[in-house]
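Given below, in the form of structure tokens, are the structures.
After this come two complexes, each holding chain A, first together with chain B and then together with chain C.
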Partner chain A sequence: MGKTLLDVSDLNIEFHDHQAPERVVRDFDLLMEEGEIVGLVGESGSGKSMSAMAIAGLLNRHEIEKTGKILFDGTDLLHCSREKLRSYQGSDISIVFQEPMTSLDPVQKIGRQVEESLKIHHPDLSEQERQNRMLKSLSDAGLPDPAGVAREYPFELSGGMRQRVMIAAAMIDDPRLLIADEPTTALDVLIQEQIIELLRRINRERGTAVLFISHDLSLVNRLCSRVLVMHHGKVIETGRSSEVFQNPNRDYTKKLIASIPRVNLQRPRDNDRDVHPEVSPAPTGKNALSVKDLSVFYTSRGKGFFGRTQKTEVVHHVSLDVGEGEILALVGASGSGKSTLARAVAGLNPLHTGTIELPDGRPQMVFQDPYNSLNPAYTIRWLLEEPLRLAGVNDEKERKKRVDEMMELVHLDKTLGDRYPSQLSGGQRQRVCIGSALMQKPKLLIADEPVSALDVTIQVEILSLLKRLQRELGLAVLFISHDLRTVWQLCDRVAIMKDGLIVDQGDVDEIYLHSQSEYTKQLLQAACIVRREEQ
Partner chain B sequence: MRFVLKKILTLAVTVLAISFIVFLAFSVIPGDPALMLLGGESDPAKVEALRQKMGLNDPVIVQYERWLAAFLRGDMGTSYKYSMPVTRLLADKVPITLALSAEAFLLMVVLSIPLGIYSAKHEGSAADRFLVVCNQVVMAIPPFFSGILITYLFGMLLHLFTPGGYVSFREDLGAFFAYLFFPALAIAIPKIAMAVKLLRSSVLTESKKDYVRTAYSRGNSTNSVLYGHVLKNALLPAVTFFGMAIADMIAGSIIIEQVFGIPGLGKTLLTSIGNRDYPVIEAIIVLIAVIVVASNVLVDILYQVLDPRIEID
Partner chain C sequence: MFRFSFHAKDGKKNSYLTAGTVITILVLALILLGIVHAPYDTEAMNTSEKFAGFSLLHILGTDNFGRDVFSRVIVGAFTTLKIAAGTVAIGLLGGLVIGAAAGYFGGAADAVLMRINDTLFAFPSVLLALVIVSLFGSGTYNVIWALGIAFIPSFARMVRSEFLRYRESDFIAGARLQGAGSMRIMAVHIFPNTLPVLLSSVLIGFNNAVLAEAGLSYLGIGVQPPEPSLGRMLSEAQSYLMTAPLYAFGPGVMIILMVLGFSLLGEGVSKRVNG
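Presenting the complex of A and B:
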């Protein structure tokens, strides 16, 4: 047994914002040793982030009542003075957040933000010394050209680079505990893998203890030695991660594990498709979408006095077909051009060359973020009716009937019709989005990362819904994703994009089992999908 | 640098367009300047001769070219009423109005920023609630009315200044600015209320953003988070507002100059409109347009300095 670093006992967190107090964390206990990596797992609203915020001393609003003990190295952080708490923050305890895009101050240079902790905790350091440590921290976090990055502003960096900057800032004063709150959720698979590797290296080389918060059990299993599973504000299961993963005791943990999309290339694909084992409809031989030699451009204002607009080619001479009733996955990292391609197909970007044939009429789109893609000022029924009104269906009874049918089709309870989007859960909202896309009975649906923003158990439901719609309506889907595990579960064929080109294309089984494309292999590896010859 | 040049070019084009519209407007307004110059004498031959001499029979575009060329040389024409060059007539007025507007602007910036921050920092406190109510009330008071109230309160009751006791800047610069203080306050008050309200909500919005949480996690105190991170972000919308307020303040000064008896551009403008002294009116409108557009260019440049996300090209 190593030395105890953190000892949290009987932590309760209650919000008093509204009339009735809401308890978000109940009797939370956690014991961490120096240099240990512990995982904290749960779905959104389980209280995992709240517990982490409390440990980091970031729940200071008067409306939040906290009881219990948070002993860090023997000091109770919950009951010490603000000054005492601040002397630990950024120095002994650091935290990295989920959203690298918004967690940095947008109007301050990277260098200043990274060295801020040093400035606060070691005001006696010379300018030069501070600068050196800042540059070293940036380079330790795996950023090439630290001096260049230090002079830039957050908006000039990619998501992965910003997360490295966050880690560099967190690690600059050699903390003994690093809290990582879903640090990879907003990132691409390949980048995700690099960030996990970076955390592992920090732990190994510097002995920093890491509290890793995630909704992804398989990620936690790979990184952490111990794991705590949270549900409705309570820790319901705890133990060594390998044991919890293989022999879960609680039903909820079992359900969580079952929801992880499994990919086992050693057996037929339907074994992994426990949620929707139905076969796809037989190909009709006709295409719902046929793209030939498509290049898509974006315009940007050029430099210079009269700044002529310039066209940038984002997608280069791409050809692909989606058969009637087929689900084609379009996979790639962010910036690969997959969403640009989809927008062009949906008619949202007129700047393209080549041909897009849509024999069955215009496709409809479903977007990644069900929170922001519904107008919050209207009821669900109104939102579902809107496509009908636009299509000129003026008979109110007819509209009502068709909305009722649609709500039944996408499994939305009828009572939800009079509610507003803010009163619905993420999964329900995505059902509304899908329903409203289907109101005009398109033959092709373009789904742009429709499940990435959802919890795993909800993901399974939405994927099953899409599969059922494919079977019942003969719907073709262009499914855009960066998650190869989801694609394995849902799709018939897959096209892999990189830098605006399709680098690999074929049947899902064929590509996963036998593709020789280096990039495909890299992606499969990052998703922990192992082929037999590589085992 | 490119950005600045581009802005200045836009400025020139805007002012040119405004000057043309103003010129055009005055050439279609009923009322014959020649007739007016002759002071009601109605011998048609004399009027016609003067029209010819003044070039009033030329096409509008030719008249405009002539006027613009003269304007650029610094010749703004001759006042119909006073028969003296407009340039000389206005030379003494421009600095007065500029000083008044500048003082009002400074008052707005200096008072609204601390009040806005204070109000946001102590959100929900008695002082904050008092400020919020005050803002609502003050915002609804037009400057000429607050001018009257100020004259009564500070001038007649408290004797902090002598109403109507304007001192020329040529005589005593200190006394000049001191006299302008209360008129400037009258112009600034509704703007201060709006700016405080804007800053308060802007600071509160920024305080809920993710980067603020990050700043706290590094061990910053509330004040260093506020002044080191939140303030610069929260000031961005305020800077836009300040820029728009400049135009309103110059417009406000026209009326306030009447209330406080200040012989600035505004007072001259009103007299000239009464006299149908077109060359003077034209010159004043174009001057005000230049000031407003130029101040907006300054704000754009300042905005870019504050916010690196605005593209520099």
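Presenting the complex of A and C:
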């Protein structure tokens, strides 16, 4: 047993800014030793971030009532003076947030932001010393050209680099506790892997304890020695990661673990496909979509009043087919052009060359963000009826009947019909989006990351809905994703995109087991899918 | 969507909305009294009662012709209200058409419409109205047209930014995929979403229109005598400010009440919409 670093007991957090007080964290207990990595897992609204913010001393609004004890190295952070608390913040306790875009000040150079906490905690340091430590911290965080990066502004860096900058700023004064609040959620899988490796290295080399907050259990399992599972503001299960993962005690933990798509390349894929074990309908040999030599452009206006518009090619000479009743996955990192390709296929971007053949007419689309893809001004029933109105179904009774059928098909409760989108949960909204897309009975559905904005347990439901609809309606789906595990469970074939090109394409089994493409291998590795020959 | 309530989004009391509603209802009640039954004929002169002070017979006194100021204020407020409502209606309709087309179609349509708009915008609206009135003559309806046209640019600007904001959203892309045409997307899919913002800018526009009418009438080119209007009365009262200072009180307070009521209402609505 090491020395106790952090001892939180009976922490309760209550919000008082609404009429009825709302308790977001109940009886939270946490014991952390020096140099330990602890994972805090839960879905959105489970209270995990609130607990972390309280530990970091960042919940100071007076509408928030906190009771209990947060002992850091023997000092109660909840009941000490503000000055005392401030002497710990940024020095002994640091925090890294989810969104590297918004947690850096856009108008300050990187260097100044990184050395900020040194200025506060060590005002006696000379300019030169501060500069040296700042550069060292940047290079420790794995940034290749620290001096160059220090002179840049946040917008000049990529998401991964920004997150490294955040970590550099958090680590500059050698904290004993680093709180990482979903530090990789906004990043691509390959970058995500690098950040996890960086956290692991910091922990190993400097002995910094890490409190790692995430909704991604497989990530927590790989990084953390101990884990706490939170649900509705309570810690419902705690223990060594390996034990919790192999023998979860609570139903909720079991559900969470079950929602991680399983990928086992050593056995037939259908064993892993509990999303829906049934195989896809037999291929008809006809294509629902065939794309040949497609290049897609974006225009951007040049500078100045008379600036010429400039065309940028985002997708380069791509060819792909989606067979009738087939699910084709289009996989790639953000910026690889997969969404651009999808929008061009849907007919939302007319700036393209090459051919897009859609023998069965217009495809419909389901978007990533269910909070932006339903018109907030109308009720659910109106939204579902609109596609029928547009298709010329003028009989009100007929429309009502077909909406009722669709709501049943996508498992939406009838009572939700009179609600507005803002009154629905993310999962319910995505069901409405899917229902609305299917009202005109398209033969091809384009789903652009349809689950990545949802909680893991909801993801499973939406994916199984998609699979069922594909089977029952003989629907072809172009499924855009960055998640190779989901693709393994859901899709028949896969195309992998990088920098606007399709670098690899084939049957899912074939690609996962035998692909020779370096990029595909990297992606599989980042998703922790290991082939036999590599084990 | 906007649902009326005296509470702000966070559940706290929205005192702007409450105060604005109370004052506006008071003003509207007075105007209604003027329409139904003003205590005196607004044009009946009585030279023996010139500049009578406040009394139970004439609660706001009388003017230079011995006419009852209170009656003229509540009837004049109706004239002002009509002009303001007409102004806002014209400005809003014109602004909706121009702003929606510019914001939704973008490109060349946007560039041309908005440059014209900017040119109009560069003139103060009262100055623009002055030009129009001097071209077409004064009188209540010409004032409505003049102010209405002068108000188009600010509405167009606001509507354009709203349409621009929604044009690229996923639900509009979805509607387009389902075969909705441009007119339907603009009128049915985008327009209802702009209502909350439109509502608060209508109230602010209303305010400006009240002040602009008062200004034009004050300059003598708005409503023509003997028809009472608040600006006209204020301008007449100015000539007697030294000898009969109480004359200015009635119309002045009425303008303040109207503007205050509507601006509090506008503030309250935007607080409710934006949280």
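By our rule, the second predicted complex is superposed on the first by the 526 of 535 C-alpha atoms of A that agree within 3 Å, B and C clash if a C-alpha of one lies under 4 Å from a C-alpha of the other, contacts with A are read in each partner's own complex, and residues count from 1 in each chain.
The definition used in the following text is that a contact is a pair of C-beta atoms (placed from the backbone, for glycine too) under 8 Å apart; a residue touches a chain by one contact, two chains touch by 3 or more.
Note that the coordinates shown come from a computational prediction; the quantities given were computed from them, not determined experimentally.
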Message: Do chain B and chain C fit side by side on chain A in the superposed arrangement, or is it a clash?
response: fit
Query: Is A:117 in contact with chain B, with chain C, with both, or with neither (first, second, both, neither)?
result: first
Message: Going by the contact rule set out at the top, does A:163 touch chain B (first), chain C (second), both, or neither?
response: neither
Field: Touched partner set for A:505, first chain B, second chain C, both or neither
entry: neither
Query: So, A:369: does it touch chain B (first), chain C (second), both, or neither?
result: second
Message: Quick test of understanding: once the structures are aligned on A, what is the angle at the Cα centre of chain A formed with chain B and chain C, as a multiple of 10 degrees?
response: 30
- prompt: Which of the two partners, first being chain B and second being chain C, lies in contact with A:387: first, second, both, or neither?
  reply: second
Message: Under the stated touch criterion, which partner chain does A:86 make contact with: chain B (first), chain C (second), both, or neither?
response: first
Field: After fitting on chain A: smallest Cα gap, chain B-chain C, Å
entry: 5
Field: chain A - residues contacting chain B, complex
entry: 56-58, 60, 82, 86-91, 94-95, 97, 99, 102-108, 116-117, 120-121, 153, 155, 166, 169, 301-305, 307
Task: Using the touch definition up top, name the residues of chain C that touch chain A in the complex.
output: 1, 10-11, 169-171, 173-180, 184, 189, 192-193, 195
Message: Show me the residue ranges of chain B that touch chain A in the complex, using the header's touch definition.
response: 2, 5-6, 9, 209-211, 213-221, 224, 229, 232-233, 236, 306-309, 311, 313
Touching residues (chain side chain A, partner chain C) in the complex: 17-19, 343, 346-348, 362-365, 367, 369, 372-378, 386-387, 390-391, 420, 433, 436-437, 439-440
